[in-house]
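To keep things simple, chains are lettered A, B, C and D as they appear, and every chain counts its residues starting from 1.
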């Protein structure tokens, strides 16, 4: 990540500003507000703004349940209860806004979460930065043999070099030709005064999917957790998980009680089907159960054994 | 509106709190934060929290358009441009949260705006306040003769008295019977120690639609304007317009530039159909046009004449 | 439920129509298309239109996963897999539309599901039917002692009669006064030719919350299941569950494979938190665990024991 | 567009199927159901499924307005009225599903319309087709001089050749290297048996943004019109307009009355601000108005003159 001096200066200024407000604030989150946290080779994420904190969730829940709630539950107990029983609306009462720089192929995954607000840098209007994602060697993985949608072993040695060379060379070449077609360089200088450049909205099609873009992305706490549940999961592609992991940390700073409940009930939790419950009950009663007679498919059986760490029972 | 002493005290405390933040603030809105602004006979609206201001819209638009934008447009010019061309996403970058007390029949209209977050007081869980809306005499209107969905002349004299009496008596009686069925009064006291009350989720069905409820309602600036465009309009039912009018004032305090553009392009503006444009052009060229040959229906013709204040041409 | 002769005739005509289409059809659902299935005392639900069936889900998933999918999985296995792993988008490819007649207090619960399309009968525009919900005696329950949001024992004898009388009398009286204020009866006849009636948008506020309304409600299969998961649950209020139960049957007719997976993974399934998983593992290994040292709250402990039917371990 | 023989066969089979249904059908749309309509050089659009027609809109509106509506308005008059007054919910009662093949940079624009359901071909899971968009010579435009987000003159001669060569060469080379890194060709054949290929989710990042992807895209009629209003507009990028134009034709086949109203009020219509209305009124009264004293910015003035085709008054 190379921030320009101008950008660094702007961030410094934003961070030094201090306003008075009657609104609730999240002091731990304020500490990192506006800061550009580096992710991957050129990406970053910045918390730009937020609304509410743990008490806003409690406040909204208490409007729903009336006076009675206050007596019977602490804030922490109430938030846990809401999380456990999938009460969604109180978590929608908090809002957060990020500024994210990320490779286009990751942006395409990200945007599938529709319940959010987005303003992306427009390559119809402006020229994209000459920055593209190249995996570091420890993330250069082969296709998984048993999971069509996952990674296998790390690629090493000559093959790794070859792959990285190809990625680098192709990205640079397509970017150079992008400038050539535009007849303009990123800094605004014209290449050949006698020619007119191709329309930006067309030239951009020559860029590779690892080119970086950036956007403002705003969502509420409920939908942030929906995003993190999928994208901080070990099934998620490493490159988006790198962003999700940093966002998990911002969640902890923002709404620490909600974060705890989220880690316990969502991230660390599991679901058990009606059939799965019967198997677990038999195990507890000490009955013999085997995969064949369980009524579960092999895949389901293994997923259940894995969820409860019963590895000796996997098939 | 009768706030309890407890509520008045809570509002005072909220208003006296002062935090430091690096986030942008809207000083004019801060002045009325948490304040309960009275609406109708027992309702109110309070701004509870907000995120962003006019500069947040500009900031988001400039992420989209890149460096070029800054040079060519002022903040105000940019916001006007965005409003005029229906650019929606930058306006979604601001968020506001209200606490509203309102009659149930108005809540049912309001909730039809789906792109918002809501936590409503639950009558399954708690007992509703003994408060119901009774129109003031200047709003007691007869059914309109020519608009099936509107009001006509004000009802006066004996008939007005009769109507108000019926509304009052029925609301009070159904509320008394609600308490009777619950075997419990609003203050928590039991009516007959020997009996058990009906479930709250059932007893509430005896209440009339003018009973007051309350909720937290949170939305983004774009959807707030969509709401206000419909509900601050003179076609809207008076009772919801009373809320919308107060919200218009909070919009002005929050994002004054956006407010100006909204009043000019949306509230004060009009739409002209393809056929309507031809009529207007003919008028400008001084040609004779009459309703019959215009290709417009009578209704369309009158709506167009009304929009441009050409009353002499209405039929 | 009293359908007018006119309505009965219209339904007969709709049911006798037969068109040719290239679209997929759901034969079991076609059998009950347009039929008004009675619910509660005056309510009903009708399936009015639908799009897609189980194969539409499979088709969408296979677009995502490409050619490879077809070889490795049957339709049924694929749908189960999607359900188990919370893949949501393929289930959004099917759509269904209902016509529902329901009491207003239930409509207010229902409308909280925002991801749906709704057109409701407008009491600003037309006069509501003289129909209100009165619980049958076996559903007349007392307030639960231990669940602030639930029902306890059935109320019987004199108290039951008293409650039903109050509900009936208040609903009838407020409706009669509604007509009086309107100066018009439901059949359109004017009450007093010398007077003008109160505006409909005002008069409706005198009605009680058990008055019936009706609407068209359209949603996709994913959101239908989200609705049913909450509203066909035993924690849901009986009156909305009555609708959800009938809708479950329409789901079975429409997409039988999805229905099976939904019953297994969602309705019959349970969630276990990170802490809960440790408890279950200890039980399976035959270790002693007690509530106090479990790290769970009493409430969590009991919910876990109940989910796995370990009643002897509840506290 | 090259459909494989397998695909052509599948389409034939789908088109020859004939089911009986009680649902409303749109005969003109049935005629082209499943057909792949070519767009750009390799893209296509297919209508895959639909629900409802013009009568569904009318039916929903009449539920809202009750019995009265039927007498006072024809179907066509009612649909026009709804469109003119921005009544949105009745148009949400119809649903359509498309299968689209389109270049990735266009997919990125398209997906910004959030109120739709999408299943896209996953390049994490499968290998993308070797197909990329190359503009035809009549669409190879220079950057506009006065509109940062638009196209200017057509590029011709040597420069055109050069641009097309660069686009072609870069797309082919990056695709070849994509296969090389995957160690697998699109047809599934392995390149070097001794090596393992890079994970698909990584290799895809080497592709250029003009590579074709495909998806199923489903939306309701209201949101389809919102999409078409923006994307069939002359300000839209040509490549997405090419899709929108074909979709406009499917709209006409599906709901012809709605299509007419849409063309008149939305596509052909214009908006006039409060200030703009005053100018138009002055023109009609024959008063002198000039841009400077109008209270409009130059840009606004010109947009207003253009909307009403008053070209002589532009500045």
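Here is the rule we go by: contacts are C-beta pairs under 8 Å (C-beta built on N, C-alpha and C of every residue); 3 or more make two chains touch, one makes a residue touch a chain.
Quantities reported herein were computed from a predicted structural model and do not represent experimental measurements.
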- Note on the structure: Output for shared partners of subunit A and subunit B reads C, D
- Item | Interface numbering overlap (same over half, different under half) for subunit A and subunit C | same
- Task: Provide the C-alpha centroid distance between subunit A and subunit D, rounded to the nearest whole angstrom.
- Result: 29
- Item | Mean-CA-position distance for subunit C and subunit A (Å) | 34
- State, to the nearest whole Å, the distance from the C-alpha centre of subunit C to the C-alpha centre of subunit D. 35
- Query: Which positions in subunit B touch two or more other chains at once?
  - Reply: 65, 68, 89, 112, 118, 122, 125-126, 148
- Task: Using the touch rule from the top, collect the residues of subunit B that touch subunit A in their complex.
- Result: 14-15, 17-25, 30, 33-34, 49-52, 56, 59-61, 63-68, 89-90, 92-93, 95, 97, 99, 117-122, 125-127, 214-216, 218, 220
- In the complex, subunit C touches subunit B at residues 103-105, 107-108, 111-112, 114-115, 118, 122, 124-126, 133, 135, 140-144, 148-153, 155, 159, 163, 166-167, 170-171, 173-174, 177, 180-182, 195-202, 204-210, 237
- Task: In the complex, go through subunit D and note every residue touching subunit B.
- Result: 65, 68, 77, 80-81, 84, 89, 112, 148, 263-265, 267-277, 280-281, 283-284, 286, 297, 299-300, 303, 307-310
